[in-house]
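Below you'll find the structure I mean.
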């Protein structure tokens, strides 16, 4: 199934808030002063870099919330790979509205495309393996849903959306509980039957303990390639294996080749640069 | 005057929304299942990289909104330069609340510190000149106020906060008006007496026209160092000069040496990586 | 671990909105007209029926949002079984505020206690088995988080909190996909590694197909006790088994004795009557 | 005049919030994974029990907020009595949107229809008298406006909407004021000319006092049938008479026959079970 | 009973929104730049005109929302008559916060005091009669609750708070219904027992019809003094009488002397000038 | 360029909130009871006084948010001068919606037209000079953006929109800093390059100091005509000159003739009476 669009009801509050942030109390002074109300124009939203596009629905919404008379026609879909110069959308209609909404539309689409592009780069580097690239909870405050969508657009997969949709037992929790076994026992007793339990392990000894307890997934944190390989062997399909720590475009291939199921990368959402996308006269 | 803190009334809605985004409908399942309600702990928020810190008020608020019994004591202030390993704050109190709020607190502070650190690096590179580093409207949607604060924490200065607090006449506006002169005339007739007018120019001919019209500032876009130098000479104090385009840590020094007043850099807010900051047991 | 309280940040918006709904534009006319501002009083919140209490934090918040000088001291905790006449909390302070907030506080606590009490009744009826009582998504609009909390307070467990935290393949989805196998295949390919997949089956043939595909849980909808028993045998620990349909206090014991893991009951949240709780002069 | 629909501006925030509650951060995972975006379908919303329907506008809005391409055609209007199996609406259009919005739409309509049906049952039992069934402020938090609408749809009438649209002097207020007379005097001096004053009385002596003072309505709380009859005689049209306390479908007829104007029933909104309504393929 | 303060839960959203409106995205640039963070000051809020004060709670809240360290001590209460120069409150604490919140605090208190003062002037002019001054629904959008409070502070009384708390049959409604009788009949059949019904009449003939129907109040619109007097005689205590239209400080006394119960004045809330109140160094 | 309309995204929240304020929990009881749902009508919004119209977009939105079937056709544009009796808009469609939204629509348009008319009167009185009339921050809480728009509609110009879009150094700031020079130095060091700096001066000595420092504008507060004239001479084009204090329709002409650039008047937004505008059957 192709990537489903985010429901409008989820993204509209974000776009509305972003527009209000930019308009302030008085709106677009420059455009209101200079551009006649009845002038129309045709523009092209185009990539200036190679990458993967995401966030077109948010851009479309930015324009239509400013002026419903603006027509936004996506040339590609979220997830499309583009070359520099490629058109991603045609934006046509009242010139005032287009100029006023332009920056907010671009801020959304360039940021989300940045996340998608970074994901796609890592995904390509592990294509020869079964490993999938996943994001983390290190997302931009208030933008988690759309950044996770961008990760999917880039060919990645999503980790937890928040603290409430899965259990992830970290070293702190283990320390409090006294042992991983006790931590897992408490978690299992507490949560509903549709909540998965993942445990962070830092050594093969810890891994063995976790496997004995029967968790859904193990997070192999900061392990050497050697240990990752050995972990995958020990797990032998009894749990999902996730590697994390020190993942770069250079190292990700080797990590994937250890046989892990997932490689999680906070960098995708906390530090990926934008994909440069601009709006030009058509 | 040292950097004023952002008023709580401005940042509380952001922190509240970010916490709700992470808590979802059911809260922190892992912590609720494993950590006893009466356990207290003491942790240290520490930098793992060299950089400049910003956003401590937002981190403090994240903890106190989850549990007012958590004490957050900042060790440094926004704008402080830190070395790897340096403590930035002590966080003490109920363990549950600290674990639950940790990620949101770190997401704010690491992102804002990333912006401050990137700004500080460029600011350092132009310290021998009178040039100041300024940000743009290419900010993260919904986070403009705090990203602009982070730029100030890093020693930079702020450009427009939105479309309504200054006029910036760009090439599109000039095209619509027929000439820069006409665009400026319209702007001046339209806006209040406390609104400044800046015009983007791409050539010395355009610059001459703008200066003749008496604008407050000129944006010298994508000019060669040669042309920047010539522009500064032509301007001769009659307007504020701002250089933009292709600014990198390597090029910024030379750009500043042309004598421009400001160098604007979208990268600070749209693509600066985070500063790695973590929370450790004290 | 005992039931964790809902974070204040999650429940405060509900209580605030409920108070505003009751205060309207002019506040409590009767009390403002009749009760002197400096009068204080002491009242007892007491159960008038046997049942299980839930929602005390929301009641406490209702009083303190109206007047922070009101002291609310819970006598029991959420999840406590109470007899008719039992005190559940002492509420003391300004009489005006207590009278103004009373109805909203009671509306929350009596409704949530109703859900908890209904759950507790069913839970007691299956105590001799390993089955757990779970709720559904048939909750009161806007109150899902607190109703799910009330189910936990009553000794039950929670099913999905929404459409986004687990996959539940129903007959419609199977029909669209052409077969359960294809539906499950699509779901598995689409969602992240921490999302569980449950499938609704209506016959033993469908169950066999689902088990072959390796799902996390099966929803045995409206099956006879005979078929439930056979299903449990077929499943043999390979998936979590959930029975649903026509569950009443009378039938639930026999259903549990078939060996299913879970029995889901929409009635808990869509039709349980309140537990009668009142506020009396102390 | 037939029952007026609730203005969309009043109900849209509720429906929007309920949808967001169900969609969470990631939307309908199951449907997005399995159902193609261009598939359309036709379904029938049908009653599975006998009762009275209410809340169709909210159901319609739930579908259209998820996808404006969904066509919702009500077969009956709010207030219609239906038999098991009766269609209440045809819902047609994109299958994804219909599946995603289904539960929220049904949660609203089944709950409101439950309130309407319970009201209708009591209203039928008093049809041979002049008494009207009225609801109270014991409503579901945040849903008061729509529950009061459902009461009207069921043939009942509405008591106060909140603390600010009428004065209701209860025993507590009388105790504070020293006497009913003083309480009423204070209320009359305090409120505007369009605010009615009702007083709760528990004995014929209190009733006499209230009538002497000339109130708009008297609440006869928990009186015997005998006393109710006597009260009605004493009142003799000088005030509206309202009976409350221990009202059940079995007792309501006899209460009505005492001649009271109104019988108020908290149960309608705090404990009425839903009316079972489902969505089936057409 | 003295005027009850508006509940904080009702006014806080207004004050918060007003502060955000003034702070914009960057806060109080002037004060942040010039005033040291640790400077404290003591100021006096003082009337510069004779009038009646209202809105002190909103002023207090404005200061405390900006900085909880600011102490606001009211010298008088809402409803107090003040002479030019009279102190109404002492405001002490951090100078920055006081300067930042000053304008919003004064905007609330001077506007509400303006309404209260205008009301008090008219109330004084009718003191020798039984007539009361009442406001209308011609209030400032979003400020109705606080303007109605200000009217009460000035010694006036409140008309409807909105379209939902009383019926007011106007000429349009009568025209649609065909006659006042039919309009009143419909209204009585439609609304709950605690909703009063008032009818606007423009002639003695219409008045007679309304009285025959037994309404709660009649609005005598734009009648001559002669007709008002005759109306009062005809009504003879069977309904509340309200005069409206062309009320000025000069005419109000004569209108009151006709014996009407109420005189409603839209001008109080739509056109009363502010009472000049300022903040001075103590 | 003619006055640009305020973006719908800015005004919709205000209109929506104002409608909810008037509808309360139960909507327009009178209209729902009396007016059939399918009745349509045609009405004219007309001025009853001479003045300048503003706020038509808000009126239009009020009607369309209540019922999108209502057609609102503006006869004039914001800023148009009208005579008593002049039509400003035709409002046609469902009678219920028109009656329900009428008061909110009129409350917006009459208030904004009041501000515009007051501005226009002063603007006319200074037409023979170069002076412009400007408003202040003494606006109605929550309505600043639309009141500033109304000032522009009346031919005035806008001062600061808030504390964050310009620096205005007042006497308090000077006192804290020790001197105007120090205050200005701090401001200049603190704010961005697009923020203008204005300084309030109360004497010619202070003016001289401010001019020496090179500020963008000077606020000449409460000066005599003599001193204003001298100030203008001293300034000699080096800064914008703004006069304030004791401005009335009678004095404004003479103030303007002193040669000042701007005359600021708080009265426009804090005390201008409404322009009487009504809705009549067409």
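By letter and in written order, the chains are A, B, C, D, E and F; residue numbering begins at 1 in each of them.
Everything below uses one rule, namely that a contact is a pair of C-beta atoms (placed from the backbone, for glycine too) under 8 Å apart; a residue touches a chain by one contact, two chains touch by 3 or more.
In this text, all values refer to a predicted model and were calculated from it rather than measured experimentally.
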{"item": "Touching both subunit B and subunit C (chains)", "value": "A, D, E, F"}
{"item": "Interface residue overlap between copies subunit D and subunit F, same or different (over half shared)", "value": "different"}
{"item": "Matching chain pair for D-E (criterion: over half of the contact pairs shared, by residue number), options B-C, A-E or A-C", "value": "A-C"}
{"item": "Chain at maximum distance from subunit F, centres defined as averaged CA atoms", "value": "C"}
{"item": "Higher-contact pair (C-beta pairs counted), B-E versus B-F", "value": "B-F"}
{"item": "Length of the line joining the C-alpha centres of subunit C and subunit F, rounded to whole Å", "value": "52"}
{"item": "Distance from the mean Cα position of subunit D to that of subunit A, given in whole angstrom", "value": "44"}
{"item": "Residue numbers of subunit A (touch at least two other chains)", "value": "1, 21, 23-27, 32-34, 36, 100, 144-145, 158, 161-162, 164-166, 186, 189-190, 195"}
{"item": "Arrangement of touching chains [line / ring / star / complete / other]", "value": "complete"}
{"item": "List of subunit C residues in touch with subunit B within their complex", "value": "1-2, 4-7, 9-10, 144-145, 148, 158, 161-162, 165"}
{"item": "Footprint of subunit A on subunit D - complex, ascending", "value": "16, 19-20, 23-27, 32-34, 36-37, 65-66, 96, 100"}
{"item": "Subunit A contact footprint on subunit B (complex, rising order)", "value": "14-15, 17-18, 21-36, 39, 95, 99-100, 103-104, 106-108, 110-111, 114, 137-145, 161-170, 172-173, 175-177, 183, 186-187, 189-191, 195, 267, 270-271, 273-274, 281"}
{"item": "Residues on subunit E engaged by subunit A in the complex (per definition of touch)", "value": "21, 24-25"}
{"item": "Interfacial residue positions of subunit A with respect to subunit C in the complex", "value": "1, 132, 134, 157-161, 164-166, 186, 189-190, 192-196, 198, 216-217, 240, 242, 261-262"}
